[in-house]
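Lettered A, B, C and D in written order, each chain numbered from 1.
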Amino acid sequence: MSPGRYFRKVLRAVSRDKMKQGRRALRMDDRRYVATKHSCPSCGKPVDDGDLAVNLFVCPHCGHHYRISALERIKTLMDGGEISEFSADVQPVNPIDFPEYTEKLRQAQEKTGIDEAITTGVGRIEGRQAAFALMSFKFLGGSMGSVVGERLARAMLYAADQAMPCIIFTASGGARMQEGIFSLMQMAKTSHTAALLAEAGQPLIVVLTDPTTGGVTASFAMLGDITLAEPNALIGFAGPRVIEGTIRQKLPAGFQRAEFQKDKGFVDAVVPRSELRSTLAYLIDVHSRGGAKP
Amino acid sequence: MKAEELRSKLQELQELALRENIDIGADINRLADKLAGGDETAWRRVELARHQDRPTALQYIDLMSDRYLELHGDRTFGDDPALVGGIATIGGVHFTFLGHQKGHNMKENLHRNYGMAHPEGYRKALRLARQAERFRRPILTIIDTSGAFPGLASEERGIGEAIARNLREFSVLRTPIICVVVGEGGSGGALGIGVGDRVYMLENSVYSVISPEGFASILLRDAKKAQQAAGLMKMTAPDLKGFGIIDDIIPEPVGGAQSDHQQIAGRVRQTVLAAYQELARKRPDQLLRDRSARLLSLGRFTEKPVGRQSSLLSRLFGGGS
Amino acid sequence: MSPGRYFRKVLRAVSRDKMKQGRRALRMDDRRYVATKHSCPSCGKPVDDGDLAVNLFVCPHCGHHYRISALERIKTLMDGGEISEFSADVQPVNPIDFPEYTEKLRQAQEKTGIDEAITTGVGRIEGRQAAFALMSFKFLGGSMGSVVGERLARAMLYAADQAMPCIIFTASGGARMQEGIFSLMQMAKTSHTAALLAEAGQPLIVVLTDPTTGGVTASFAMLGDITLAEPNALIGFAGPRVIEGTIRQKLPAGFQRAEFQKDKGFVDAVVPRSELRSTLAYLIDVHSRGGAKP
Amino acid sequence: MKAEELRSKLQELQELALRENIDIGADINRLADKLAGGDETAWRRVELARHQDRPTALQYIDLMSDRYLELHGDRTFGDDPALVGGIATIGGVHFTFLGHQKGHNMKENLHRNYGMAHPEGYRKALRLARQAERFRRPILTIIDTSGAFPGLASEERGIGEAIARNLREFSVLRTPIICVVVGEGGSGGALGIGVGDRVYMLENSVYSVISPEGFASILLRDAKKAQQAAGLMKMTAPDLKGFGIIDDIIPEPVGGAQSDHQQIAGRVRQTVLAAYQELARKRPDQLLRDRSARLLSLGRFTEKPVGRQSSLLSRLFGGGS
């Protein structure tokens, strides 16, 4: 891969863009966590909501890793529980005039308290800075439309320009079909910015979380220099039901899970949430200043 | 009823034109579109795009080229008959060609897996594309698939990774890439050889994020509403031209590409060679910058404070889409 | 792969070398082909020796491609039935003082009428020039020792320097074990010159013939930009008997044959001997002058 | 008989030295060699090289590094437990490490396939090596295999191609590569991660084109003559040092590397870091030129008219081997 120097212009322009991007500190409103109980979706045992947040949203009984949104990820991963968000102004439209899409977006925003299926910004882990992109499955199934693509593209180009790693947490059911062909094209766009990031010599670190399927899996999610996954995360292109429809039989247990994908060669390491901060900090260190100094 | 009658008249007209060798195909098709209206037009095109007598990738290559040699294998796991590639000399220019390969009958389709490729198909494509870059051959891709194969082996060997890697690598290959959607442009499987400097669609081809059937079953919660879905999805060549996703539409002969292989292959050849002449004039850095701009401009959204649609592209290269 | 410009020095040096390489025209002595008959090793039908040579050493009854030596290849493939041989002065020694190796070499030379398991030189096919390296299985099983490695290296570097394709016909049982570790290291040496050839922008075209196994398969034989194979040629790293020893059962029919290797993704095309000249001529054309001119 | 007696005395001496923590291992080993004579010495080393208590690749990495992270998979087909890799920080330097991984017992060896890798192992190695190049990490390879796995699946997925590609790519990677043969250096399977700027062998390791058993069965026509073969093949560290194939020999503790993991890992660490300091001073072009010279110089032959041994190298770089 040798795109030459043409990408410099891209980076310079993004750098200019950064100046007016209206960054804002983003952190979770902790008041939502009241001490009520629910049953763990994996083991069924009673779990206290408040305890769960403290325990990184991992079931204290069985170790089940709950699906978490960008805000919860920020709270549990980042130094100070916050990031400096950018691209917040980038907001969805209805590009193919799909019936009720605008209304559906508004409802999702109201219901989830987040504005799109991805949140991007700069943050720190154990003092090390990186650009982050955090997907939220609960926002329309983490589907990738134009906003997800644009925010991802900007996050990668920002990392390239500012010489820092880009760390992406994926969680997606696939393309935002209501945006038609535009949603498909986000695969090409985000994969291209991954190439530009590589050209700039900065690492793309991907953390696959449950679930990561469809167009996201067939683009940036599989383009990490380092690819980590949370335990038991479902990772695939075609979803299990689609495959079962093709082969007309049930899938074997564990198929497409993180551990399976590691055996099949697509995941570097399965990392429990409790070890994520330490592992990511080491990886940022390793890739700092272009590598080795004795 | 009235539409039905008009259509049968049109059919007669088409057959007459065909017999008399008068090229009024594009006009007739446009007329038919107008008569049919949204959903119906789209669905008619889906059916034409899937017509089993349409020329396949290797037929296009055979009809377009002075000589060609098919090359096989991904050098890792296997050779995928659903995605073919090789070297073809077209109008004196040596191209590396890649294409989804369907069959014309059940036997061929079983061999070709109905043009639904496995990871090794995309990896063969990448191998040949890199070879093209190394030897400065332009690349011609012929897109015709309902999608990558959604099966067990395909997933096990990383169909997602294979497509993703192609998207990244094709986006920065230092050689001209010309893509032509000749039938179905289905989802990531189509895009896996669909990143290029010029993208054309045949008049009756379609290009979409998912099949109309899939779309209907997920968003309309009824797989039988595929016809309606085809309209909602805006997946025809004129739709995509309107969105600025493709560069141009290649008109088909009367009745569709299947009715005159020679003629449609000639038009594709002409379009591809003209595009190549244009692209060959660019220095590699310019070629890549333009391709980059094209890719970065994909998507529609708003930036609230400014209150207008915008994209990275407009700020980067001063253009806009 | 981007070794930079360091290889220029290598090429310049080889270019100087070429001046004193004592090239000589090499062609087969046709008198050896007298009109006697033998049975085809594949179909068992009677074949006339003289006819066989005219028929490119392909059985007229069943299409069986006979194993042929460098001299026979030159006769049937090259314009005028000859090449301008180089590196003829490069001759074997006994690097690890292996008992009777020197004697064995002498016997092989006498018996076969060729001096080593590879013959290299410049030749033409349908008027197109290329550097050729042609292996002879009948010379100590086509085994690769220091001379095979050095002659191959020079052929590739010559092609790189003179801007022409390098075309290799393989036929080998593997490493020349009598040369110990030196035979293993020829794999590294020849693979490296393949990298230098690639760096120079010239294609390596490999034609795999029966049999190609062992160290040759794990080096230059598998490094062709274009890889052709003759029908039914046995191609593998471990030989069939070794594998059968490992798995303790018979191998399936067709295993490791050219057609199998094409299905497995390692061969671009299986080309009958009758189509080789035309195919190679097209491939030389395609890769001439750095590719396309409208 | 006399040799037997002497050896038992030596054994006592070794044990004493070990107990008293006196480092006389290398001297004792040399003494043992002299007493034993050619074939026997070589065979003794083959046995030591295969000793199942010798440290494995991951043990070396664990003992040598401040921190490390194993990385998995070839991104195409699978992850091979017989060939491991990852990132290790050794003396403050971030290395990409690669190594054949054997087990210490039957269960581990079944999982690790006795350190005999499949194609996906070599492809993982290449993936990580390219990553190392991209992020300017030096590469450390730990060689310990009787050979690539000679099985059905290994052949089907192109073990020959996988090794060949590594040989080519490693020969031009723009980052320092340091190789250490710690046990068995068997054939192409060893060389598949054995092309580098510095190659070291542990005192009792071996490196050869084929196993002594294979050599015996083919060239001596009797698989049981492995001991004799080991001598004929010249496969010990001193042999290879004498041939100029390796750079240096790392002395083992008394009795062999298995008797003191900590100590041998410390020596390997020291050697690797010293080599890295040297290589890090070279500009990339110089590094590659030197590696190229090393590779082109491999082989011994004569050029008749001049009547002396010669190689490409002598004419290219003015040196000679």
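By our rule, a residue touches a chain if its C-beta (ideal position, glycine included) is under 8 Å from a C-beta of that chain, and two chains touch if they have at least 3 such contacts.
From a predicted model like this one, the values you see are computed outputs, not experimental measurements.
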* Can you name the chains that touch chain B as well as chain D? -> A, C
* Asked: If you tally the C-beta contacts for C-D and for A-D, which one comes out higher?
  -> C-D
* Structure fact -> Farthest CA centroid from chain D: chain B
* To do: Take the average of all CA coordinates in chain C, do the same for chain D, and state the distance between these two points in whole angstrom.
  => 30
* Asked: Just how far, in Å, is the C-alpha centre of chain C from the one of chain B?
  -> 41
* Structure fact -> Note: chain C sits from chain A at a C-alpha centroid distance in Å of 51
* Any chance you could list the residues of chain A touching two or more other chains? => 2, 198, 222, 264-266
* Give the residues of chain D that touch two or more other chains, as numbers and ranges in rising order. => 75-77, 157-158, 161, 165
* **All touching chain pairs, where touch follows the definition stated at the start** => A-B, A-D, B-C, B-D, C-D
* **Residues of chain B that touch chain C when the two form their complex** => 67, 69-79, 87, 89, 91-95, 120, 124, 131, 134-138, 273, 276-277, 280
* Quick one: in the complex, what on chain B touches chain A? -> 148-152, 154-161, 163-165, 167-169, 171-172, 174, 187-188, 191-192, 194-195, 207-210, 215, 218-219, 232-235, 239-240, 243, 245, 284-286, 288-289, 292, 295-296, 298-306, 309, 311-312, 315-317
* Residues on chain C engaged by chain B in the complex (per definition of touch) -> 198, 201, 203, 222, 225-226, 262-269, 279, 282-283, 286-287, 290-294
* Structure fact -> The chain B residues in contact with chain D across the complex are 75-77, 119, 123, 157-158, 161, 165
* Structure fact -> The residues of chain A that touch chain B in their complex are 1-7, 9-10, 13-14, 16-17, 22, 89-93, 95-96, 98-99, 145-147, 149-150, 153-154, 157, 175, 177-189, 191-196, 198-199, 215, 217-223, 236-238, 242-243, 245-247, 251, 255-256, 264-266
